[in-house]
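Below are structures written as structure tokens.
Same chain, two partners: subunit A is paired with subunit B first, then with subunit C.
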Partner chain A sequence: MDKFKIFLIPFISVVFGILVLMLAVFAINSIPIFQREGLAIYTENVWIASETPEEERYGILAAIYGTLYTSLIAVLIVLPISIGFSIFVVDFVPERLKEAFIIPTDIMAGMPTILFGIWGIFLLAPFLSGIADFLYNTCSFIPLFSYYNPTGFSYLTAGVLLAIMVLPFASSLIREAYRAIPVVYREAAYSLGLTRFEVAKILLGYIKPAILAATLLAFGRAVGETVAVSLVIGNAFNINPSLFAPGYTISSLIANQFGNAFVYEYMPSALFSAGLALFAIGLVVNIVGLLVLRRWTYA
Partner chain B sequence: MLRILKDYLFVVFVIASAAAAIIPLFHILFSVFYNGIPVLAKYGMEFLTDTLPPPNKAGGGIFPAIYGSLTMILLSSLLGIPLAVFAGVFIAEYPNNPLSRAARVVLMIMLEFPTILVGLFVMAIVVIPMGTFSAIAGAMALTIVMLPYVATYTEQAIRSVPRHYKEAGYALGLKKFRVVFSITLKMAKKGFMTGLLIGVAKVSGETAPLIFTAGNVWRSTGALNEPAGAIPLWIYYLVQQPYANYHEIAWGAAVVLLTIFLAIFLPGRLMVRS
Partner chain C sequence: MKGQVAMVIAVALACLFLGCMAQESGESKVGEVQKPVKIYGSGASFPAPQIENWIYEFSKANPNILIEYASKGSGAGINDFKQNLVHFACTDPPAKESEWREFQKLGNPIQFPFIVGAVVVVYNLPVEDLKLDGATIARIFMGEIEYWDDEAIRSLNPGANLPHEKIIVIHRSDSSGTTEIFTNYLSIVSEEFKKKVGAGKLVEWPVDKLGRGFGGKGNEGVSAMLKQTPYSIAYVELAYAIHEKLRTASIRNADGYFVRANAETIASAMAASSSFVPDPREGYREDPKMFLNAKGKDSYPIVAFSHVLLWESYPTKEEAEAIKKFWKWVLTEGEKHLVEGYVAVPDEIAKLSLKAVENIRGD
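After this line comes the complex of A and B, so read on.
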């Protein structure tokens, strides 16, 4: 083995070390709560913090529900828009102007998330609260709109904000895939006399795996997002079907509760186990997404 | 007829979704400047050099946050860039090594990883043993966030250099170390710099990994082993306060943060010709 390789090995090992150590830290710190409550930590919706350890009881089901609910809202909004937007940029915008559409979305993909947060809390939440009031007054018989006295801090606000945050990312994956389709397919389709809609439908068929991967990776990002969401979700232990109800997500639960967790015997462990759940959800979604993407790129 | 109608609807859908994608993005950028610039004008230069005022008192600034952000960005760059570059070089130079194959997957996972978990992790291994939040802990969390960006860009940049340049270097009798750092990395400078800038820009705006590592303070002595503020952290806490002047300061801080981010990110992004 050459010297150069030996010199580099410690650095590459650190990369591994971090991930392994991270998993270990979360697993070890979760043990006390698992010993005490078992899997109930994931299947109950309770949050009793108490000075006397015997009375403490934690269950993060509401946060798991909120995480999946808000991320689902985000993906459902992002998917059609990013497909439409990709078609727009590739097929409708002249070559010289394409960069003018791509650079802003790239900026937004890397932008500090707290800026989405401040926009969400001061502008988006009040705006959606008006809409929520209207929908509650007119169609509260539909469970989705049934939450009484909506404040604007809700699953919907979090979901919409997440959608805006992950859209640049999802649309860049779909756009690059759509753009990479060989021109001959496009020309062949047009030469049959098909309309733009029919051509796009055929071409989208080719990049189905990329769309699936983009969906999964966008979902994975939405799951892990913390600060912006914690400012607009309302932070309440709630399991409610209504879009306008306040809730919690796993990451906002951690951000909100960890500050004072060490006063209590079991709360730190409960929050580490919440982190472990987030770890697991993120890992599964991202790995499946990356595998789909990879299989497609090499095919 | 139906086909033409469908096509027409399709065009409407495409244009509508482009609008739906672009408008919120511009609205966010616009409202940060629209709400923040008047604040900067009103507070003057003191905004950058003063500390946080009491609630509902005029004046004040965000100096401790700027100081904290800059020290932690610098510190995490010093730690993270060498680590990430060497890791990237390994993956690029030994692509078929099992370590490299696995590292590529690990880096991709880290790229998508919830950053709040990084913060929690560093808290468990640094903050608890030290007994206090600190700028060092914050910088370590940022290092972990930065690592996958810089490493993957370095790897791709090195792999884009044609082989015969390296072979020419070896033919001159250069050591592998010299070939990589004097020839390959120099030729791949653009991609490499892009990675650095994007990694640092990303880190400059992170909030979640700092909450439980840097801890946040409104006044600081500047010591690295004590809790530190950061611009994103300040915004996060200020918007949750009920005071109007704190909301103002938060908007002002948002403009400062956005400016720092764009100043680092844009040169990096514009170097890439897609």
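After this line comes the complex of A and C, so read on.
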């Protein structure tokens, strides 16, 4: 074998080794809870911590639900905003001013998440709570608005906060892809006499894979976000269709409970199995993404 | 452009470097004799502000001993202690017998109370002095009392302008010693609470299922929620309520008087109860409920100790001496440096603990 290849082997094995080791640690530590409850840990919504191990019972369905729900809210908010933002920056902003529009989003990407969390508690939650109150009072017959929650800590607040946090990542991916479309396409489209809106629509068709990648990245980051979310989600074992209900996400569950988990016999194991669920969600999202991408490449 | 950036970085690095040099030379003047000993502790968040203050005061006199305390919860502290990651650990409720047996596999643990605190009921309501009794608090936290102008609350507060608004109950979402003390108290004063909810670091609040109960992470999470939610009620540590300027309720004590938590009413509760504290070498035998619902006219009913776990012997002599010095200082000088909201342990208990600390040695 090529010497250079041999030289590279350690680096490759470190990357894979870390992943495998992490998975192994999570899997091994999850064994006690699987032996005790089986898959019920993922299909039930209970959280009974007791200092007598016989009475302990854990099920993280509410946290899985909350993770998917809040991330979905985030992605639904982020996609239109970042696509609109990209078109605006690339098509309409003069070349000299572009940086001025791009830099703020880059700064947002680098901000510590706790700042978003505190901002969420003191600004976003009260603001959204006002809107939630209004919607609850006027249209509580719609399941989405059917939960009375005066605190403002809810799926919606967490979702909006997540959207703000992942916006820089999603928008920079889409923006760069949109900017990289060869000028000839753009010129060709304009030469046919299309309006700017029609041109943008056609060009967006070219960057579908980038938009999908941005969606996945946004979703992935939203799923894993911990500190900020645990400050605004309300931390309740709820499975509720309403946007205004308080809930849990897997990450916020681990952040909330891990500190004192070792007081109990099975809680650490339950939290490790929750981590395993996060791994699984990440894996499924990525596989779906790859499958969709492949369909586009061959189509 | 690049050159300029490099210049700025170089200047910044130079400043840092010079700063370190200056600091080092300064330190060497103070501590010429020995190099500093590092002591690590972790555990309960409740005594953390007090411990930080003690460490600050202590290190003024003892610059050679560096102490670090990580506040991450009683359970985490016990776990760190068990894995020998820290020299001492703080826990609100005393370590249980099962935990004690595990410690004994590693060495001889000692445990003693070092500070007294209280859990207070705080509320967000335009009423100055809200009066409550144990049974009513239990019914509020179970969700049985729905409105602020309920007969049970009105009869305790004649003349108060109670609004017809739903009560929003806020509790801790993470497992905590505060919750354990509070639920222990409610289980003593309400048979129904004991049956339906029970006591523990983490319990299931029935009021959550009614849609009026919400969880906040840590004292800070709870108080942030309380401040933003009109007509809400919650429980936090006294020191926290003082710091955050929250309205605290007067609670009816065992003798029927309404009492607010402060240094005097906490001290009165301790004086009034049979404060049996076991030998520090058998710390697990302590009853965490002994100060709850204490008798006496001025006794505040929700009072509890916070404890520290130490080893009887440490691997090196320096560590053992440093730990001894710090905890001796806490037990003797500590009460001169109390943060508002905390009360020192009674003298007899401090003496008993002091004796145990004296016996700490290094191998």
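Convention: the second predicted complex is superposed on the first by the 264 of 299 C-alpha atoms of A that agree within 3 Å, B and C clash if a C-alpha of one lies under 4 Å from a C-alpha of the other, contacts with A are read in each partner's own complex, and residues count from 1 in each chain.
As a convention for this text, a residue touches a chain if its C-beta (ideal position, glycine included) is under 8 Å from a C-beta of that chain, and two chains touch if they have at least 3 such contacts.
Remember, it's a predicted structure, so these values are computed and weren't measured experimentally.
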Exercise. Subunit A superposed: clash or fit between subunit B and subunit C?
Worked result: clash
For this session: Tell me which partner A:Tyr136 touches in the superposition: subunit B (first), subunit C (second), both or neither.
Result: neither
For this session: Please indicate which partner A:Tyr58 is in contact with in the superposed arrangement: first for subunit B, second for subunit C, both, or neither.
Result: neither
Exercise. Now for A:Gln257: first (subunit B), second (subunit C), both, or neither, which partner does it touch?
Worked result: second
For this session: Using the touch definition from the top, say if A:Leu115 reaches subunit B (first), subunit C (second), both or neither.
Result: first
Problem set entry | First (subunit B), second (subunit C), both or neither touched by A:Leu231 | both
Exercise. A:Ala49 contacts which: subunit B (first), subunit C (second), both, neither?
Worked result: second
For this session: Determine, under the contact definition given at the top, whether A:Tyr266 touches first (subunit B), second (subunit C), both, or neither.
Result: neither
Exercise. Which partner, subunit B or subunit C, touches the larger number of subunit A residues?
Worked result: B
Problem set entry | Which of subunit B and subunit C A:Pro126 touches, first, second, both or neither | second
For this session: Identify which of the listed stretches of subunit C (164-172, 182-190, 200-208 or 218-226) has C-alpha atoms clashing with subunit B after the superposition.
Result: 218-226
Seminar exercise, completed: Overlap of subunit B and subunit C contacts on subunit A, residues 121-122, 231, 255, 258-259
Seminar exercise, completed: subunit A contacts subunit C in the complex at 47-51, 121-122, 125-126, 129, 147-153, 230-231, 234-238, 246, 255-264
Exercise. Which part of subunit A faces subunit B closely enough to touch in the complex?
Worked result: 2-5, 7-9, 11-16, 18-19, 21-22, 25-26, 29, 80-85, 87-89, 91-92, 99, 101-108, 110-119, 121-123, 164, 167-168, 171, 195-198, 200, 217, 220-221, 223-227, 231, 251, 254-255, 258-259, 271-272, 275, 278-279, 282-283, 286-287, 290
For this session: Sort out for me which residues of subunit C touch subunit A in the complex.
Result: 72-76, 78-79, 96, 168, 170, 173-176, 200-202, 204, 208, 211, 213-217, 221, 224-225, 228-232
For this session: Name, in rising order, each residue of subunit B that touches subunit A in their complex.
Result: 3-4, 6-7, 9-11, 13-18, 20-22, 24-28, 31-32, 35, 82-83, 86-87, 89-91, 93-94, 99-100, 102-103, 105-110, 112-118, 120-121, 123-125, 144, 147, 151, 175-177, 180, 198, 201-202, 204-208, 211-212, 232, 235-236, 239-240, 247, 250-251, 254, 257-258, 261-262, 265-266, 269-270, 274
